[in-house]
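Each of the next two complexes has chain A plus one more chain, namely chain B in the first and chain C in the second.
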Partner chain A sequence: MAELVISNVDKIYRPRRKKPVHAVKDLNLSVNSGEIVALLGSSGCGKTSTLRMIAGFEDVSNGSITLDGKAIHTLPPSKRGVAMAFEAYSLYPPLTIGDNIAFALKSSSLPTVEQQTRVKAMAEMLDIGGILNRYPSSVSGGQQQRASLGRALVRDAGLYLLDEPMGQLEPQLRAILRGRIKAYLRQHNCTTILVTHDQTEANALADRIAVMEGGILQQYATPADLKARPANLFTGTFVGEPPMNVFPAEVTATTKSVAFRIGERTSLTYPRSDFSSEVVQALSSIKKLAIGIRPYALHVGKGPIAGQVVACQWLGDQTHVAIEVEGRTVVSVAHERIKEKPGSSLALEVSASDLHLFDAENGNAIAHGGQLA
Partner chain B sequence: MNQLAIRSLSKSFGAFKVFEGLNLAADSGEIVVIFGGSGTGKTILLRMIAGVEEPTSGHVEIAGENATDVAPEHRGIGMAFQNFALFPHMSASENIAAPLRAARAAEAEVESGVSRVARLLKIDHVLGHTPRELSNGQKQRTALARALAAEPKILLLDDPLRNVDAKLRFEMRLELPRLLRQSGATVLYVTQDYKEAMALADRIAVLSGGKFVQVAAPEDIYMAPATLTVAKLFGDPSINMVETTVRTAGKSATVDILGESVEIPASYAAYAGRKVAFCVRPEAVSLAHKSDGLHCEVQAVTPLNERVVLLLKSTGGWEFLSSLPSSAAIPTTGEKLRASFASKGTHLFDLETGERLDG
Partner chain C sequence: MDHTSPLEKLIRAALLAIVIIFFMFPIAWIVLMSFQTNESILRIPPSLIFTPTIENYVALITGEMRTAAGSLKLDFMRNLWNSVLLSSASVAVSLLLGVPAAYAFARFKFRLGEDIAFTLLSFRFAPPLLVLLPLSLYFKTLGLTNTYIGLIWVYQLICLPLILWIVRGYFEDLSPDIEHAHRIAGYNWFQTFWKIAIPLALPGIAAAGLLAFIFAWNNFVFALVLASADKQPVTVGALAFVTASGIQYGQIAAAIIFSIIPTFVLAMFAQRYLVEGLSLGAVKG
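What follows is the complex of A and B.
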């Protein structure tokens, strides 16, 4: 089965009479057989250029791409054995939804009956079984997107490329379709790369997430690792909803304790034993320190982070609490219902195991939960 | 006191009825969210209150007075829109000053008014910029500042966070209630985002099928949705649903879920024989290896922020979702378990009318 390896790939666009744009910089990435990988980043980060190079719609400026050990970056798109679902759907307007989904199968050696069975099953999975005889222009954007996804997934391909595959889906359907699609990709052992700017989608579907920014791969890790061990301030604050709280801090370590001062009147103090000696050593040479604390790691308690409640918002299955601490807004989230009146005083606590320490000068992580990064 | 009321308000375009007989009253200083999907008429409703759209029948009352003959500029209303609608040739400061100038305020008053709202919205550093030099977030803050500048008694906000990115939307969601309270205005806030509605509203008016299907505090909307439609619109993932019939056995009540009987609170026994939509919120589904509960198998595990959503299938083929805190023990794909449903998150609706059946 397919294994995709991207080695030292650059993409440089050279528009006429304009400065060249270095969209992807020295990218190295490998995707295991049957693995689901998400390329995650905001617009302009290089994720779509990467996907288009894999599909063959863009040349690579440098480097190579191999699928199953075979170089594919020099092949035309149709010879790469890749199925793709496009962000703009790109359905064939004169074909029905059913014929669109069946399109690639028709040129395959698959018996007609088998083709029909597959299309029907795919359409049912995507909840568009009832509109197979309709034309793209007469169905909603969400339905067109599902048809486009179905057209890609119904094929037998070595690699599936999905570009923002679920952005237009109806909110009430999203969770169940994510589940069905993930189950389908697993059952068929589909090696899949999806491009998205939506971390919720990346987290839900992917085994590993490649976070990109400025054409550079920032971190490539499992969703759990991205949360627990962000490589730098960028991934730390980019991944996680609501975003991580970040404080500039000054550290003082004694033989007994380690204290982080994050404001005129606010210090976080922990027993020194909460931190490995390597971490304490590393901290001594840092000029500017930043502490990251995820909203879920801040619990209502005795402090030391104390302030006035700005907002306390219950959303049905979680409560978002914002307090103002020395002019800065700090966000805490709890699974249970919390009732606090705006303006009242509230203290939040955090354990040393939930601290993320960064070198604020270069953004690199120093330690997570008392251990070296 | 009712600062704002709409009485039997209807709007049709030819034979097409947008809505009919809408009634709503908002107290002074209250934040009422108008919630509904696209095309439900939320924006038309705001435009009628502002006086720029004629109702087909019914009227708007401001401070207890019928406002039908009051011109838009005399209604004491501030407005902000999802597309910001800033004057492109004016600086942020001139944009914010516009309603004050329109009201012929003295120059000193204009200046103090602009700097007051600019400080409040943290845009004092970009007041000299034109809209094209502003980020989306700054544009949106400028539009809000303009709406607030003339200290209107009534503020109409038409999905103002729609076009800003997720991080900014979240920040503004936390900040807005305080800002709106400080302004003292009565606020009608239109959104399609249920989280925004729950976070901001004193009360939510759910607009669907041309009428308000429920007007209530966020807690009541979520915990006791009046109709199946309301239940489906609030919550992520959306509420689980299966069509079935209420059965009774002795004192207990059950529903049949595609061939498997599940006990529901005995108080539902009154609805024996009724065709219902049996609904359970994903966070009310608990899973365990035990001897009772609905048999199910994990189809897929999809993390959702700090929660994990599981796609499950019952023996009879019912697909449903469970949402667990990620700190909980998370079952794996293929695992067979039993599901039970907390009564707090379980709701029954009449299958024909969609109305809530109280248990």
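What follows is the complex of A and C.
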């Protein structure tokens, strides 16, 4: 298996008689051998463009892509040694599901018996063993998607590219297949890039996640790091469900305490010892500050933040409480059942170790939990 | 589900019958004409009762036309053969050039691509007579007048734009990712074009080829101006039935029947093919 390095890659689309679109901007990304990386972002963020540049379906406008030290961005797709599962399945209509999965193997030197064994094992893993003799047009979207995934995974490739590989699957099946696919990728030490807009999928499958927005790589980190130490406001609010609550704030630091004023009536005051001296120093030069608080860290009960309940939603194992604070609606997640009438008053608290501080002007993180970002 | 009432069904059947009679009547009448002598065709009033004769067909096959003024030589079977040769060779050349071109226009964006495609289409806009005069001068200089190659070349004006534009639309409807999936499995673009794109677009290619064949078959002016008797197709050859002693309606009718047969057979074959191609779900991504 191979190591992928993307260096300074740009993608600029130049449609006729229209303004050029800069879809990927100066992307640098490296994927270690056997590592599973997810490209996460909303629609149009450049993640699929990146994947297609790696596969060779789009030219690289600038920069280079190397696989195991060999530059591949100038090679035709057939020479790159890359396997790909397509979002729109793209099965060959005249072939059966089984033949579709076996198709890539037919150009290899594998003996026919071995090919058949592999296809069967792959189909069993993906729960499509029963439809190998059917044609793509006669099976469901979810089954076609699994066939497309099987067609990519059954090959021996240096790199596996999976474009929204489970978008069409039912939720129950998705969780099971995620487990099986991860085990398969690990067992075969497959270097994999997965494109998704589903955070759960990215968190469950990937070793590292690259968050993209507006063609720019926002952060490249492990799932845990992304949650605990978001590099900027975008990743902070994009990653995590429900999303992070953000307040604009003014900070006042004395020798004893650090106080954050959010809105007219609310102020959060912490002992100065909760923050490192570098953080306090950094805060002194910030003009506009934004505080991010994860819903799980915003505790209902007592505390300095007062608000009115908008709604309480019990999800069976946790309560999502929507609360109006200083003119904005925030969400708190509690593990116990909370039944408060809409309009009733509530107090909220958050500890200094759960605060994410951002420079509101450029969005960059300043501190997480009292330590410099 | 069908929820039509019996009355609706009846009206629908009646309307269909009217349409079929309207379109089939001329053909049926020509079939009847082809089995009659000129005298019985020109009877007033016309009648459906006559003694059938195969004289017209015999005349066409043997090449001896007997008219009131005496016997005339005619070379209808040669005209028929010319039509088959010219139309099929033109369509073959057009497919060879047009299908790869259509694929290129559909899949690759290149400078002036749209303009070139439009220029090729614009060949169909100009009236053929407009190009014929300068063309006949050039053909004379090049020695292409009255040659099969020259005619096949000119017929590209008819076939190529048609095939290019129909097949291009077909390729554009096919998801490029199906080809990408094939390419990434280790095949070069030509193998992908040949093994994936062409088979999937085959119904479209068949339809375009059939249409081009019919257009080429029905062409009149190009061969009239650029070829003499031994290279002319049936459309021009039929002029020979307008003789000094009158128009030979019976033989014209028989000639029409003969000249319909190849296109008819081709259409039947292609129709079956089209239905097969579509029901396989070849166009569904």
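Keep this in mind: the second predicted complex is superposed on the first by the 371 of 373 C-alpha atoms of A that agree within 3 Å, B and C clash if a C-alpha of one lies under 4 Å from a C-alpha of the other, contacts with A are read in each partner's own complex, and residues count from 1 in each chain.
Everything that follows uses one rule, which is that contacts are C-beta pairs under 8 Å (C-beta built on N, C-alpha and C of every residue); 3 or more make two chains touch, one makes a residue touch a chain.
Everything quoted here is computed from the prediction, not taken from an experiment.
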Examine A:118 and indicate which partner it touches, taking first as chain B and second as chain C; both and neither are also allowed. neither
Have a look at where A:73 lands relative to chain B and chain C in the superposition and call it first, second, both or neither. neither
Check whether A:146 is in contact with chain B, with chain C, with both or with neither, and answer first, second, both or neither. neither
Residues of chain A touched: more by chain B or chain C? B
Have a look at where A:176 lands relative to chain B and chain C in the superposition and call it first, second, both or neither. first
Output check: A:368 vs chain B and chain C. Expected answer is one of first, second, both, neither. What do you get? neither
Partner chain in contact with A:82 - chain B first, chain C second, else both or neither: second
Touching residues (chain side chain B, partner chain A) in the complex: 166-167, 170-171, 173-175, 177-178, 181, 195, 198-200, 218-219, 222, 232-238, 281-283, 299-307, 309-311, 319, 321, 323, 325, 333
If we count contacts the way the header does, which residues on chain A are in touch with chain B in the complex? 171-176, 178-180, 182-183, 186, 200, 203-205, 223-224, 240-243, 296, 310-311, 313-318, 320, 322, 329, 331, 333, 335, 342
Chain C-facing residues of chain A, complex: 16, 55-57, 76-78, 80, 82-84, 86, 88-94, 103-104, 107-108, 135-137, 148, 151, 155
Given the complex, residues on chain C that touch chain A span 109, 114, 175-178, 180-189, 196, 199-200, 280-285
